[in-house]
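A quick write-up on the structure given underneath.
For clarity, chains are labelled A, B, C and D in written order, and residue numbers in each chain start from 1.
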Amino acid sequence: MVFHNDKVTGLRIAYIGGGSRGWAWGLMSDLAAEPALNGTVSLYDIDHEAAKHNEIIGNNYKNALGAQSVWKYKAVKSLKAALAGADFVVISILPGTFDEMESDVHTPEKYGIYQPVGDSTGPGGLIRAYRTIPMFIEIAEAIMKYAPDAWVINYTNPMTLCVRTLYEVFPKIKAFGCCHEVKGTQALLAQAISEILDGDCPGDTDFYTNVQGVNHFTWINEATWRGVDLLPVYDKFIDYVRAESIDTQEKDNWANKHFRSQNAVKFDLFKRYGVIAAAGDRHLVEFLPAWYVKTPEVAESWSFGLTTVKSRKEGLQKRLAKSEEMRSQKEPYKLRLTGEEGVKQIKALLGLGNLLTNVNIPNSGQLSNLPNGPVVETNALFTYDNVIPVNAGDMQWDVKILVERIIHNQETILKAVFTGDKELGFRAFLGDPQMCISMDDAHALYEEMIANTKQYIPWIK
Amino acid sequence: MVFHNDKVTGLRIAYIGGGSRGWAWGLMSDLAAEPALNGTVSLYDIDHEAAKHNEIIGNNYKNALGAQSVWKYKAVKSLKAALAGADFVVISILPGTFDEMESDVHTPEKYGIYQPVGDSTGPGGLIRAYRTIPMFIEIAEAIMKYAPDAWVINYTNPMTLCVRTLYEVFPKIKAFGCCHEVKGTQALLAQAISEILDGDCPGDTDFYTNVQGVNHFTWINEATWRGVDLLPVYDKFIDYVRAESIDTQEKDNWANKHFRSQNAVKFDLFKRYGVIAAAGDRHLVEFLPAWYVKTPEVAESWSFGLTTVKSRKEGLQKRLAKSEEMRSQKEPYKLRLTGEEGVKQIKALLGLGNLLTNVNIPNSGQLSNLPNGPVVETNALFTYDNVIPVNAGDMQWDVKILVERIIHNQETILKAVFTGDKELGFRAFLGDPQMCISMDDAHALYEEMIANTKQYIPWIK
Amino acid sequence: MVFHNDKVTGLRIAYIGGGSRGWAWGLMSDLAAEPALNGTVSLYDIDHEAAKHNEIIGNNYKNALGAQSVWKYKAVKSLKAALAGADFVVISILPGTFDEMESDVHTPEKYGIYQPVGDSTGPGGLIRAYRTIPMFIEIAEAIMKYAPDAWVINYTNPMTLCVRTLYEVFPKIKAFGCCHEVKGTQALLAQAISEILDGDCPGDTDFYTNVQGVNHFTWINEATWRGVDLLPVYDKFIDYVRAESIDTQEKDNWANKHFRSQNAVKFDLFKRYGVIAAAGDRHLVEFLPAWYVKTPEVAESWSFGLTTVKSRKEGLQKRLAKSEEMRSQKEPYKLRLTGEEGVKQIKALLGLGNLLTNVNIPNSGQLSNLPNGPVVETNALFTYDNVIPVNAGDMQWDVKILVERIIHNQETILKAVFTGDKELGFRAFLGDPQMCISMDDAHALYEEMIANTKQYIPWIK
Amino acid sequence: MVFHNDKVTGLRIAYIGGGSRGWAWGLMSDLAAEPALNGTVSLYDIDHEAAKHNEIIGNNYKNALGAQSVWKYKAVKSLKAALAGADFVVISILPGTFDEMESDVHTPEKYGIYQPVGDSTGPGGLIRAYRTIPMFIEIAEAIMKYAPDAWVINYTNPMTLCVRTLYEVFPKIKAFGCCHEVKGTQALLAQAISEILDGDCPGDTDFYTNVQGVNHFTWINEATWRGVDLLPVYDKFIDYVRAESIDTQEKDNWANKHFRSQNAVKFDLFKRYGVIAAAGDRHLVEFLPAWYVKTPEVAESWSFGLTTVKSRKEGLQKRLAKSEEMRSQKEPYKLRLTGEEGVKQIKALLGLGNLLTNVNIPNSGQLSNLPNGPVVETNALFTYDNVIPVNAGDMQWDVKILVERIIHNQETILKAVFTGDKELGFRAFLGDPQMCISMDDAHALYEEMIANTKQYIPWIK
């Protein structure tokens, strides 16, 4: 890597989960569009074939319309080969297959627990964490060994526990997690500005939102735009949306298009708590007791979908076809920018300009009334080789309680996996907000879900 | 009050709720049995008639068989009259009538929430707190004005919020709360010693139990007796009880006799968490989600009763009759010692010997991984004019989470009442572990319960 | 105040100490040079004559060469008149006269304590705080009453205790303190870049320095510039300066020119502690025991001056003459920008662009291993109507100890003044690092210094 | 070890430093006087000859007048031999010889620093810690290996750092430190009761003193006796002592008789701070800056002695003669009880009755406004296999500052030795309250003291 004339050349990026047929293509676009950087991306995936396919696709991106830089992509066969010499590591993996995800999401329905996503919290999130944490232990150990100075960017869910595991294994790791959910809420604020203030708010640089919480259960307690306090604006916007039945779905975010909601939960939470929940409704409801998902009918009444894993499986087929099509270069490549901040973050960490954005890292005081250590989501200042949390202050008391409960349970899950303690894990399972069922049912559900995913959790004998 | 030759004479005790037909008679017995003290007890009650009746009964106790001291009882008509000059204040009141209690306990059943007691937590505990806190605000203000140096002993439920209110209004108050539930668990330990070790454990002085938690949701994480660790003994005892279907009900505690349980929940919690839950099953299940009370059938399967308020109303009739009988002195009085520690505590605070016992006071570090300020239950050393908490250490992580959740919610209830914020109160209501219902149901239940008790909660407009 | 087209017009600034013949003129220059703002400045001073003189001078600035905006200046006779309607309040006062300052600085010399400045800490700083805190109590009360929503910028020393007093009286005040000392150290870093790296580092936007500590005893534990870690660069620079006897005095800062040092203490501290002390040597040595000022000879050996108050009195004469000259407008005005960030901060708080800079505000977690509440100096993000501390992390253990000691003593001084407790104040006096004298001498010195300044400290009877 | 009928037989005690000619004989007396215990004491000492002598003496104690139990003493040649199978470990060693102690105490005098004892703090205490910590690392490792379940009682100075080292090496160690200084202050309180109240206060069970601080720098902020607050009594007592020139020296404590003071410092501190310093003046002054020891004349004016190591060397000669005399059994042995609480503590830990006393253990919240981890001195409850700290509450703000400074510096010393960082150690040296000298002098003194003791600090290359 060479820093010269406000450019960095010869950058080395390791992509773990490099066979991905979504995030990987997005990153390829974003990198190709960036004139200030170039270098090599090593693609590692347990599905080596998929990585090889992405090597072909990645190397084609230099020909895309509007490409500003040339990157070399190379599929490799081991974590070591990917990591050695890396300046940055990107992690975006699927822990297990859609079959395990099917159990995560749908088995609890037999006992009356409904999960729209099932990847971050709830019984599904816990079992997914059971599979994912061991993988992240292996990744963290490899980073400690082969790339201890690299910056690590995680996109995998459960976000909080993934990043937390990296720090647990290797406390000096320079890792953080990125998620676009807060951007979605900022887009909603922009819509509010437009509707209520007749303002034109072109991008996120124009407003300041103070972000507090954990990934997918983040909250905004302050939002300003050009000298205006946006919270009362948002309040009026909700009334307007309700009165006029305005459509507030995000339409143009490629990642969200199959997973719609009308923000009815987010709006109800604002009216009750006075602060803005900053993730999608489908995520939010999973961090709370049965309030919005007691039954499918209750969910329906709040206008969000209970995504089936069947739809995800269908999506996969489409992406496999797309991969083949891209490899064949039938059509000229187009740059489809993700709107993710990964490349901006990389630039800031290289010393190419400071960046203020939200990020998932261990709390070291930025959320002043939550415990230090667990991973939280707040704003941070990205500067040369440093991610410095910005003080997000105290969370509002009654929202803090909701978030702290999640943090506590996630810490318990972490301990359970690290110590191989299935019974401690069950106590975490019991502790989940959605666990409004009898002790006997809870135990039966736990055993059934474990049985369904057992090949990925060898730590449970 | 005069301290002379290891006796204290001329002590002045104010009894708020002095018309009580239970606690009051117990205290009269205990005082009469104590040779080292004498003095005057002022009885104050909003039901002045009841206080007058107790004046008669109290003054009769000097004639009881075995009485060691003479106390003068006097019904008074105002808090001021009761408190002026008091050395000690005893508070034992019923907030509202059994009609309000009926709504507390039984209205939630319509929405699928079952409460065996409904006085400490759950929707019933919250609404009871709504009634009680304003009364305790008035009491605390009167103490601050008329008896700021007196020691205050509370027996009223919800214990934690009653004591917490006293300190919130008058931070320098010298108050604590007493509860006999931990004694019940110590009796169970004595039974375990007897069954498993063939030991004879005559009283609580022989063992040390480290108490942690909040009232009615207390836990014992260390218990020793003559060089023996009692936790494995308790574990074996549970196996033995289950195998042999032993009866472990407390039989001789007058206060508990109508409210039986077989400790099945307490035993299950020990097997799951490894520490001893130290309150009765009927209380314990209310501090947890639906695990043990999802339905009446689930409750039945754990062998504890869902006490009806109807039975309480019947009990009241018997006590009214008893009061009349006692006033008539038909039969000679007997001293029926309560086993409560109130009189021992009074003696220790007067300088008549140190006492180590469990007590409810604000956390000032004794529970080192719980926040300071809220009222917790741990051991404390009673010495002259001082109640010094003994370090109870950290609570075990997964139990701490359960307790902290309760603490947080109780703090929210307190704030709601003090600020008159009905919506904040609803957020506390939502935050209760038992609130496993939909948002719409929760809101309907809240409004219905408030309507049923509205004359006692003028702070809600 | 009107926000329109990226400009703010009709801004109202209250200047307390508006008769100042230094800071006030600097602010006038800075405001005149700023095209995006205009408005009115109310000048309040207990020396109303001085304020009237500054009214004339201020109103002349619109004619200065290069002036970009027109400001109206108006001397007023009361705090109320100055504050009513103010958007911003600037405080820059001299507590007492140079006679009191003479005692602050020179009386301790009789007992073997030498202070180069005597305004922030040491016996001189304590007595100056005794005079200043009552004035700031009055100011804070007036702000609470007449301008509770205004932002308050303090320049007065002792900086930490002045800002701390504002928050103690009015916890919701929006106040912060500004000081240019850290800028001086950043200039030294720029010199190091130039000498060691042959780099050209034109301004502070190019590097990131993490600031930690209290005013005049601040430390930089991280400094980077275009991808370079500056701490080893600074280390080499020190060796080079020592080997070549390079002159490292700041020459062009108007405020510092009479108060030179060669940074020998700052360099010795870096070699010992490994982090950069970020204030001038004359300030730094006062926060430490006798290490660098045991005797005047020791001070001489470290190449910094023991500034006499005599020189300050002479300076005052020159400034009085300058004031007369300026009022007469003999020569055309020139804009002499201060390099202070006051105007940039005002713009950021108005919503005219974010600003990252160092600032003095109460710790709310930004210095994570120091107590919350006391005023500390770290970086903060200025955004619309908000000053958000950036996490400065933990201070290095052995430096933290030095700083925490100062914080503790300052808190004690605060309590002493607020409670009128002269003896508690003496214990703070004893607790100062420089108090390496016998108990009897300490007491005699305390009484003597109090006697010398007694007309300004009516709270000591 | 067998527990039977309220006795414990076959107890095994390891005595490290078992050649001691003071503490060891005291323990022998105390054990012989205790009817409820018997067993074996292994004596280990690097001076094996001395241990052999004590084996003879120890075994003679069974013949002492009034002996209640028979103990077997055995000199052993290794830590392993001493520790294997031990129930209790007593540590009382001299780190180095009186020659090193001579440098500790007297070398600083050349630079103007006077230390009456030089074993706990100050430059002497630091260098003594440099020698002692490595020895305690070795001891802790041996305990972890050979006697991990034994209770460990330390008497060696520097007490705080010795106990702290044990926990640093072996966090699960069951260790505490004992010191009789607080008892001395309790005796002074008894004298106050006698003089001022005409009370007869026969022993420590009659009063409650709340102990706070670190060893030799402990404070009593609450003291009561039979319903009386003793702080005003102590205040009057001081006035009386000063007015009447009463002798307040302890006369009958064998350990203190050569080391007199008139408590003038303790009394002055009470008059200034309002709480009782609970160690001897000779210790107290060393934890403070030059206030009471600026010069030998200042020390003289406060009526305490600057003990010379010469006198200690003379004392040693007398004890050597005494050892020979005892081995020859010329005269019948007498039991000379130490008044130390070691044997009472052993009994309580065995389950033979609870004990409340002061003790040195890591802070886990008992001193609520001091950091957790460092070793502090407070009351604790000794019960079966447990030492439970009693909440000592917050230290008074201005006293806390004094104590916290010591704690911080001791933690720095610990880190310096554990990491072998001589320069960090120098920063601790600089941080000592007595270090009121110039940087150059401090550095010269540090190097000289290290040179004088270098054979015992191999960790400094």
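What we mean here is this: a contact is a pair of C-beta atoms (placed from the backbone, for glycine too) under 8 Å apart; a residue touches a chain by one contact, two chains touch by 3 or more.
Just so we're clear, the structure is a prediction, and the values are computed from it rather than from any experiment.
Student: What angle, rounded to the nearest 5°, describes the rotation that places the Cα atoms of subunit B on subunit C?
Tutor: That rotation is 180 degrees, given to the nearest 5.
Student: Report the inter-centroid distance (CA atoms only) between subunit B and subunit C in whole Å.
Tutor: The computed centroid separation for subunit B versus subunit C comes out at 56 Å.
Student: Using mean C-alpha positions as chain centres, tell me how far subunit C is from subunit D in Å, no decimals.
Tutor: 47
Student: Please report how many Å separate the Cα centroid of subunit A from that of subunit C, as a whole number.
Tutor: 44
Student: Could you list which residues of subunit A touch at least two other chains?
Tutor: In subunit A, no residue touches two or more other chains.
Student: Once the touch criterion is applied, which pairs of chains come out as touching?
Tutor: Chains touch in the following pairs: A-B, A-C, B-D, C-D.
Student: How about subunit D: which of its residues touch subunit C in the complex?
Tutor: Residues in contact with subunit C: 268, 272-273, 289-292, 294-295, 298, 397-398, 401-402, 404-405, 408-409, 411-412, 415, 423-424, 426-428, 430-431, 435-442.
Student: Of all residues in subunit D, which touch subunit B in the complex?
Tutor: The contact residues of subunit D facing subunit B are 3, 208, 210, 222, 224-229, 350-351, 354, 356, 364-366, 368, 372, 381, 383-386, 388-391, 393.
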